[in-house]
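A, B, C and D label the chains in the order they appear, each numbered from 1.
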Amino acid sequence: MPKLTIEELEKLREEVRKTTFIREQTQFRAKINVHMGTCGLAAGARNILNAFLREIEKRGLTDVLVTTSGCAGLCSREPMATIEIAGQAPVKYVDLTEKKAQEIFEKHILNGEIVTAYALGIGSEKTDLT
Amino acid sequence: MITVTIDGKKIQVEEGTTILKASEKLDIKIPTLCYHPLIEPYAACRVCLVEVNLKGKTELMTSCNTKVQEGMEIQTASPRALQSRRLNVEMLLARAPAAEPVQRLARDLGIEKPRFPIKDPTEKCILCGLCVRACEQVVGACAISFIDRGIERKVMPPFGEPSEACIGCTACAHFCPTGAISYEDKYGRKVIHEELYLGPSTAIRVPIRQAVPMVPFIDEKACIHFKTGNCQLCAKVCERQAINHEMEDEIVEIEVGSIIMATGFKPFDARRIPAYGYGRLPNVITALEFEHLVNASGPTGGKILMTNGQEPKSVGIVHCVGSRDEHYNEYCSRICCMYSLKFAHLIKEKTEADIYDFYIDMRCFGKGYEEFYHRLLEEGTKFIRGRVAEITDLALTKEEEGKLIIRVEDTLLGVVRRVPVDMVILATGIEPSVDHNQIAKIFNISCSQDMFFLERHPKLAPVSSFSDGIFLAGCCQGPKDIPDTVAQAGAAAAEALALADKGVFALEPVTAEINEELCSGCQICVGLCPFNAITYDREKDISIVNDALCKGCGTCVAACPSGAAQQRHFRDKQIMAEIEGILLL
Amino acid sequence: MAVEKEKLYRIHLMVCAGTACVSNRAFEIKEALEKEIKRQGLENEVKVVTTGCNGFCERGPLMVVQPGNIFYQMLTVKEIPYLVEEHFLKGRPVKKLMYQPPEEKTPIPVLSEIQFFKKQVLVALRNRGLIDPEKIEDYIAQDGYKSLVKALTQMTPEEIIHEVTISGLRGRGGAGFPTGLKWQLVRNAPSPDGEKYIVCNGDEGDPGAYMDRSILEADPHTVIEGMLIGAKAIGATKGFIYVRNEYPLAVKRILIAIDQARDYGLLGHDILGTGFNFDIRVVRGAGAFVCGEETALIASIEGRLGEPRPRPPYPAEKGLWGKPTCINNVETWANIPVIIDRGGKWFASIGTPTSKGTKVFSLVGKINNTGLVEVPMGITLREIIYDIGGGIPGGKKFKAVQTGGPSGGCIPAEKIDLPIDYESLTEAGSMMGSGGMVVMDEDTCMVDVARYFLSFTQDESCGKCTPCREGTKAMLDILTRITEGKGTEEDLSLLEELAYTVKETSLCGLGKTAPNPVLTTLRYFRDEYITHIRDKKCPAHVCRQLNVYTIDPQICLEKGHGCDVCRRNCASEAIIGAKGEAHKIDQSKCIKCGVCYEVCNFGAVKVD
Amino acid sequence: MSNGSFEPRLVGFLCNWCSYTGADLAGTARMVYAPNIRIIRVMCSGRVDSQFVLKAFREGADGVLISGCHPGDCHYQEGNYKALRRYKLLVRMLEQLGIEKERCRLAWVSASEGARFQQIVNEFTDQIRRLGPLNFRFDGGSHEQA
């Protein structure tokens, strides 16, 4: 382990923070909820989840929350995920693939426009974001 | 300088002085237990607590280590200080009831019985740590320390076994205020007969009270500094800083013009006469031992006591022990008669004992000596003329039980008597000192038959020896008493001064000389001369005599084949002429 | 340990691995979690992190799920599979594992909502539950060593000391000596060869106090950073952390932290390239309570017998090996980085005019929420005991609280609204001390409490000075006699005289504070002493020798039908009666051991 | 020289420090010893040249005594040792000259041994008396007065 100079220390701080932010972050700008019921998992929800995680990792964002939840009920259109920007109504996307997920991430999460092509519906039960 | 008031009295002291020292200056006594002036204050016993008021805040502080500060008002016996001191002493009394200083302090503070349970009534240790700190700071051996904690705390060597670090200096025992540490008395007093040297009590001491000069010396074997490199307390307390542990014995060579031999004598060893029972029978002592006994600085402080500590009722003094006797020394030691009379007189003065004096001839040769002898007669000393045959403790009759019986042939009554006495003094004679022969060899002095040094001439040169510049004084030349010794010493000194005063040293006129024409340079004489007075001159190929070194023995002259070497006043021609003259008749 | 690229996980499980939880099988729970996560294939998404003590020890073993700050407590290995699947896979937090306040019905999922944590203000314990103490990177991520950089590069020693002085920080070891002033003293003290030392006092001998341990276990780096800043301020050349050997986990973690700090160039030679040299060595204490006292601690580090020496000279002038030494408690050092980071003024904004900042108390005894609480100075006892502590278990009445461990004193229930700070506690006869807070309810006998604490200090007295060695033993004998009913009136006055003298004349802090429990219990609960002495009775039935055990014949017959359980268990055959009959106790034989009272299921045995 | 009894003529070389003083002590102590001996004082027995002994015999001496300090006592440290060596060689030479070995004797007498000196001289005189006169005179030719 090389001896750190002050700059290296600061760089290391940023580096590590990128993965430990979730430990104390309470407010998030956006929340991605991948539905991982047994059917979702079978349909490949895990890859979608990892895709989203890689997107966050690539951009080093610290204000996007990724959670999973149980089956949303529409097993035929799995894998599904609900994207919710703080203050806006959540949007549920269906029949996701990794590529679609990246597209949704850039358009919806980063720029805030909803990708209606893949969306099933807008607005569903309210989740609080604490 | 700092000014403080102690018990109302104002005093100025240097900075850094402790309250205790400042109080001592005002001779206010503050009790202490774990304090010792030569050791760093430990402030453990808390008995030296005093009430101190500084800038409005009053507190109890230990006076042994707290340094004075400007404007302090100290009360050494305020009610608050007294109350806390009393309770602490009471607790200490419960821990160590047998500790004598604590008992004294408790009495002063009005404590009869401690209100706390007494665990061990014989306990003396008050855990003040003086022994531990002395062993560490003063001696430097660190052999003992505190072990365990709280109420179980005790002073122990490691694991309770005797520690190798201990050098047996007993410093811990001396520093212990309560005598809790006892030590096996190795350096105690010796019994009076075996050895006069009574063992060191401290490492630095004056040899004996009458030592000249009366100056202490350091006994390296007993001194802690030479064992651990520490201590040096004597140097610390000596105001004149006269002690320097670095000094060592050194051999000093001094060039002198003349030497006065005053090597003294050795008392005759009374053990060589088994019949007299010296060393075997108790209370048979030699004259020198009696001298030590009767001396004020002696073991009994001048009282004449037997080994059992009581005064003898009867004393026998035996003359000519080892003198005037073919088996031992034929010569008379001159001094025994007179000091025996002195002893008789002293015994008469100091005790009620009756005194028997066994003599052959009473030799009172000096001024006023005879008159002293007559006084003794009047005082009632019983004089018996005869040589004592034997001293025994084999009692034949009842009154002889437990006494020493002196068997003597009383030549005046013509009968053999048995005189029972409590104590016998053997008037031992004088013999040449122990290393008499080595000294004689070193200084090349010849000895007379009785092995004392031989003077050059009994009448013409009584104080000079055969070697020029070496003079004799005192008993080394023959037995004599103090007046004679002093006189002879004066004479020897005068001779030496005369020699030195002249500045010129008269050589013997009989030195050898070598005639240069006759000398063939054979160098026989060079190797012959014991004084290396002859040297070979290479250029002239002849030998030359150095007049200053030549002692004039003439050995070279006799050996010279060519007669080149001649001795002044003893030339060959002169001796040949003598031979002729002497044989004319 | 190369800095492998940190992977982004979506969930971090902060499993508490403080000594308490570890002894509660925290590590088994961790393994169960990891096994389960692997089985569910979540190993790239869910990361298990072991942290230092979370504080809520009552409810161990604990886990906090981040993000979301979900608090799980009293976990058992059995429930882990269900938990992993339910919460981490399906995202539904498990209600029955959450904390549920005794009276209420609905559990509280989020940690910050829980009463125990709500009123706490974390400064010294800021990183607890957030970082893995054995990873320096976690600490650095939490702004670790940021203050050190600021101190080394932007601040002069005088500025640092100024900052600490205006912060009003006072020693958290117990004496409460202003830290800024102490640093200034050590900085000014001359040292011929320039050697000066700083020491972190982690001896923490008080029974029931374990905040130093939890700081060393949870966040060792904050102590190191604090000491580095102190070293720069004072000009110290070497540092020592003196930790009790009875804290093996703390020793292990502080050693790991020191090695990591050295590897990263934050300790040793030319720190962070600034040319500043400073190193720290850990010294393990041999378990003597007296070595918590600064001069005894110095003696212990020097390898000598651990016993205090008279002062002055104070350690600031002549301490370790005769050099100027600054000794501060673990918690004091832990506050330093925050003060430098957020400024003295911010720190001074917390607490009371005379006692600034926060204090960590270890809340123990008869309290529902046993654990470590860090509260701002000035908080009242009521808030600590009821709001944070969750009140007294079993609905018992609150009687008193002992603060400051064996050197502290008892504060009676009447003073429940006493704001806590150095002066208020001292005025009440107790002292802040290390921060131990033992809550006592009506079933506690104050005489026995005094006896217990005194037996501790008596046993731990180093025995050097007479009052402490002999005085504590004498006081203990008297108190023992009183609890055995043999006490007399004179005993009481002698006890008071002893207590006063030992407090006044002892050489060091141990002796000076040992009588506090006695003095405060005498001051507030004198009546209990009187009942023990005159009526030979112990109201709280704690002093068994004073209890009288009798059997109510009626209950014994009707309810118990003479079940004979008590007779069989009575060791001294003091109970007479055959099976089926009412039993009786022969008072002459009864040694008052209380076994019959415990074994009788029908409450027939009465204690008076 | 009455021919009734032969009175030997003896010559004694005495070292100044021991033997000569011993002889003097014998005198002061009124010890009587045979007058036959004529004493020549030399500084040390080492000074006695063998020629002196021969000269004495030639001049009519019947016996020659050389006397020095006891070994180790010599005032000049080694003089008497040298005398002892010369004496050993001398007596062998005397025999070759027809002079009985006993006629020349070497003795150690220290300054205090007056009695011993007396006893040596008397005994030496009787011995020589028993040996009878030497008559070692050269006939024909008088001694040139060297």
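Convention: contacts are C-beta pairs under 8 Å (C-beta built on N, C-alpha and C of every residue); 3 or more make two chains touch, one makes a residue touch a chain.
A quick note: this is a predicted structure, and the numbers were derived from the prediction, not measured.
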Subunit C to subunit D, mean C-alpha position gap in Å, rounds to 118
Please work out the Cα centroid separation of subunit A and subunit C, and write it as a whole number of Å.
42
Distance from the CA centroid of subunit B to that of subunit D, rounded to the nearest Å?
54
Here the gap between subunit A and subunit B, centre to centre from mean Cα coordinates and rounded to Å, is 105
What kind of graph do the touching chains make: line, ring, star, complete, other?
line
Which chains touch which?
A-C, B-C, B-D
Which residues of subunit C touch subunit B in their complex?
288, 290, 305, 307, 310, 312, 458-467, 469-474, 477, 494, 497-498, 501, 504-507
Tell me, which parts of subunit B touch subunit D in their complex?
441, 444, 446, 448-449, 454, 457, 466-467, 508, 510, 528, 530-531, 551-555, 557-559, 567, 570, 572-573, 575-576, 578-580, 582-583, 585
Touching residues (chain side subunit B, partner subunit C) in the complex
41-47, 49, 60, 62, 65-67, 80, 83-84, 87-88, 91-92, 94-95, 115-117, 127, 129, 145-146, 148-153
Interface residues, subunit C side, partner subunit A - complex:
1-3, 6-12, 14, 41, 44-45, 66-69, 88-92, 110, 130-131, 137-138, 140-146, 149, 153, 263-266, 270, 272-274
Spell out the residues on subunit D that touch subunit B in their complex, using ranges where they run on.
9, 11, 17-18, 21, 38, 40, 42-44, 46-52, 55-56, 59-61, 69, 72-73, 75-79, 82, 86, 110-112, 146
